[in-house]
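Shared between the two complexes below is chain A, which pairs with chain B and chain C, respectively.
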Partner chain A sequence: MSPKTENRILATPIVLFLLVMLGFPAVLDILYSFSEVSFENLRSPTLNGGKNFIKVVNDPEFWAASWFSLKFGVATALSECILGLVLAVYLAPIIRKNNWMIAVLIMPMIIAPAMMGLMYRLVLHEFVGSLPHYLYLWLGDSPAFLSRENVFLTVFTIETLQWTPFAFLLIYMAYEAIPSEMREAASVDGTRPWRMFWFIEVPQMAPTLAVAFFIRFIDGFRVFDNIFVLTGAGAGGSTTSLSIYIYLSFFRSGDIGKALAASVILFCVAFVILFFAGRLLRRDRA
Partner chain B sequence: MKNKYKDLPRWIVFAIAAFVMNFPVISTLSTALKTNAEISRDPGLWVHAPTLNNFAVVLQVTERLNIFSYLHNSLVASLIGSILPILVCFPMAYAVARRGYGTDVIFPTVVNLRAMPLIIFAIPLYMMYQTVGLLDTRLGLGLILAVVNLPLALLLLINAINDVPYELDEAARMDGARIFTILVKVVFPICLPTLATVFIFSFITAWNEFLFGLMLTTSEAVPMTVGASFFFSSGGGGGQWGVAAAVIIVASLPPVVLGVLMYKHISRSMTAGAVKG
Partner chain C sequence: MGTIELKNVTKSFGPVAVIKGVSLTAEEGEFVVFVGPSGCGKSTLLRLIAGLEETSGGSIHIDGKDVTELDPNHRGLSMVFQSYALYPHMTVYGNIAFALKTAGVAKLEIDRKVRAAAETLKLTPYLDRKPKDLSGGQRQRVAIGRAIVRQPKGFLFDEPLSNLDAALRTQTRIEIANLHKELGATMVYVTHDQIEAMTLADKIVVLNDGEVMQIGSPKELYYAPKNTFVAQFIGSPKMNLLPRASYGGGAMHYQDGVKIDIGHMDGTPSIVGVRPEDISLCPLGEAELSASVTHNEFHGADNNVFVSVPGIGSLNVRANGKLDLQNGQPVGLVLDKSQLHYFDENGVRT
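Take a look at the complex of A and B:
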């Protein structure tokens, strides 16, 4: 058997699997997004040109959802990376001696985001929640966490508290991987701790910080689980992320064409971003 | 004396961070251990009269809640979703690691899946599953969970195979072993520790998945995460806050147990996945 044939055979399982599970759906996605389709004529859609796309682009809720996702992704990624960086660097001296601390700190991210959302429904509940209870006890008042004005801050905080551990973990690993000679050389030269942090440690960790931010942004942008169980599209639709928008168009409104057109747009945007991010990364390494 | 306490501020910061980030877990656990009367009288964290009654209720099979069925569905789907990626990724990882094959298309495609909003595939999959009869089945759910786990599985397996000394392959090849024999008899055993990590990590991810469970199952194959949210929103409240809390705890337990046992490996593979991706 020639190496070329061998390679093809080695690649066959994953290629077949991808073609069936993603290739076929992708074709369906594109085909149906250009069609008039509902739950009634699911198997015999009629082409209607770009009508679905026009509908999506003219839907203010689509733009509201896009804006929410973008805002949510950037805000949570930023706060998670900053908090993660602070925790990693400040706690590193004691974590080094007590590895179990990592297990305690990364516990939140092992729990399903959907379960985390449900837990917060309990925790924030007006009558049986522990947080409002203590706020009433100590401050005499408790905000309506899921009201229209507060809900963004609430879901932002929830996402940040659950996923700061992720940023913390990546950054801690990178921090510990900085060669000790580097620090020693700097301290022999009399570099102060703050200067050491900004001019030596942060640049050394820059690639990791970028990766952590990127991953957290992606996950924040496509957020679904925790917001969905916490608010549904609730609070007047003010927490509808793009994923929730597509879900609702599909299941609640039964407007499959619109949902698919929106997901094709989302796919294209994601593809372009990934393409350029990939090129940037490769250029960095070269 | 001074030295002894110099780490104290760090310990305080750690305690605060750990408490705040794990607060919902602590609070839910406390609610689950309370009687209904105590929950409405004092929603604070302290449990005055701990009871396991809520958990006993959870374990009873009723019309509204059959937790064993949810757990069973999650278990089967998560097993499919964590074993299948290893099977399809292992040969590919070998081709990538040893021959640089597939680095231009297949590898980037798989790795970039990690960053794709999954909802894009959920709707066409729904239609496809409906046609082929995979809708609301554990197999159907497991298959898509496997797709979710492909990127990390491929990355970690490539790393693992890169660490296997090339001389081992060569020696086997000299002895006339064919590629598949080398793969199964030489490379596979050495990679077992990584395979275990991939398996556990994928299992946790699959167990915690919610969106596909919500969209692709309706009654027969509903996984634990979705089942818990059904119970909660179908007035699982209705005064039964303790039971609702207990359901959430049971649903979260398997990944937490695995995670605590495996946290060292998890952190290592998480970094590998992130840095290479």
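Take a look at the complex of A and C:
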């Protein structure tokens, strides 16, 4: 048997698996996005050209959801990376001596995001929540955490609290990987601590910071479960992320074609971003 | 440009004493080498001078000023590390210029100094490269460039040549010696290689187990080692130490009635040391000691001959490389009496 045929035979199972698991839904997704389709005619969709896409692009809610996802993704990724960096540098000397602290610090990561949403729904509830209760008791007033004005800040804070440990963990590893002799060389050469941080340490952690930011951005951009459980897209649709928009269009409105058109747009945009981010990282390394 | 003075410096890591009271002075412009076996504390001593470790006792003075409590960035020294510790994200230019930028030197002045240093170290064509695109020897020179550009009070070198191959090591050794002449700066250099120590140093500090064994010029250490440790550590192949023997009647008496005449001595020597080049092979008839060849290493110009002497044991002899010696061949030995070293029972020179 020639190596070529051997390779083909060996690769067949994984190719088949991918085709079935990813290829089939993808093809169906694209097909439906160009069709007039609802739950009644799922098996016999009729092609309607780009009508779904026009509908999506003309829907202000789609743009509101896109804007929310972008804002949420960037804001949470940025705050998580900055906080993670501060924690990593500040706690490094303590953690070096007490390794078990890492386990405590990354605990929020092991909670399912939907459970996190549920937990805060209880904690922040206007009538039965413990936080408003004590704020009323001690200060006589409490902000409406889930009101239209405050809800973005609330979900932003929850997401940051849960996922800062992830950024912290990555950045701490990068920080510890900087050779100690390099710090020593810089300090003998007269470098003050602040300058050392900005000009020696941060540049060496830059690739990790970029990766951490990118992963957290993707995660924040496609956010669904914790927000959906906590606010259910409220107040007044102000926390509708793109994922929630697609979900609501699909199941609530039954507008399957529109939902899938939105998902195809999301996929294309994500692909473009991924492509450029990959190129940026590669150039960074070269 | 400065003097570096250590007064009774000690350092312990927990209960382990690594440096046990070291006092020494590096005069202005002097090239001082710390040498000793691994684990003797020589690198720790250098790090104490740099301020990278805190002393447990004693004091360190640079130019007469007590710097014991100062952070490394306030001591005005430069250090070259074994791993070079270059900043990987900066170009060669950036690496050399960094300390000057830290010090707030004007841009034009920085440029002039960096280019001058690069010229001295033959780095000019590589100024725009990153460290990862350089060879080991070039990286090493960047590390030196980074140190000299600041015109520090003193240079500290921590085994800077151990990551280079043999040929490059010899070449860089000469370059460092020239650099020292050119700059006239105080340098403290740590190595485990006694050849580096002998060739570079004005003053060698031999350390063992956290204590100074001897301080002196290379010649002093070679010709008048204070104790058996220094005697054996300096010189390659190392000095032969004959087994302990009793002294009497102007001779050392060994087992089986073997004796060596050494004439009248003031003290009572117990151990006789003799360097391999101070023993010569001769016909058996003229011999002071008779021996047989046990092993011979041909080094080119020399033969490094191991012989077995009845009553004394194994000795190492440097003989002419042209001699053809067979294992088991009987040979006669003559010792150069003027070059013998005498130590008492505690291994201290008498």
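We adopt the following convention: the second predicted complex is superposed on the first by the 272 of 286 C-alpha atoms of A that agree within 3 Å, B and C clash if a C-alpha of one lies under 4 Å from a C-alpha of the other, contacts with A are read in each partner's own complex, and residues count from 1 in each chain.
The rule is short, and it goes like this: a contact is a pair of C-beta atoms (placed from the backbone, for glycine too) under 8 Å apart; a residue touches a chain by one contact, two chains touch by 3 or more.
From a predicted model like this one, the values you see are computed outputs, not experimental measurements.
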First (chain B), second (chain C), both or neither touched by A:N58: neither
Chain B versus chain C as contact partner of A:P203, first or second or both or neither: second
Partner chain in contact with A:S2 - chain B first, chain C second, else both or neither: neither
First (chain B), second (chain C), both or neither touched by A:R195: second
Contacts of A:S243 with chain B and chain C, given as first, second, both or neither: first
First, second, both or neither for A:A185, with chain B first and chain C second: second
Where chain A meets both chain C and chain B, residue numbers: none
Residue ranges of chain A in contact with chain B within the complex: 1, 3, 6-7, 9-15, 17-18, 21-22, 24-26, 28-29, 32, 42-43, 87, 90-91, 93-94, 99, 101-108, 110-116, 118-123, 125, 127-134, 137, 161-162, 164-166, 169-170, 173-174, 207-208, 211-212, 214-215, 218, 221-222, 224-225, 228-229, 242-243, 246-247, 250-251, 256, 259-260, 263-264, 266-267, 270, 274, 278
In the complex, chain C residues that touch chain A: 50-52, 71-79, 81, 83, 85-89, 98-99, 102-103, 146-147, 150, 156
Chain A residues within the chain C interface of the complex: 179, 181-182, 184-192, 195, 199-200, 203-204, 206
Contacting residues of chain B [partner chain A, same complex]: 7, 10-11, 13-14, 17-18, 20-25, 27-28, 30-31, 39-40, 42-45, 84, 87-89, 91-92, 94-95, 99, 101-102, 106, 108-110, 112-128, 130-131, 143-144, 146-147, 150, 154, 178-179, 204, 207-211, 214-215, 225-226, 228-229, 232-233, 241, 244-245, 248, 251-252, 255-256, 258-260, 263-264, 266-267, 270-271, 274-275, 277
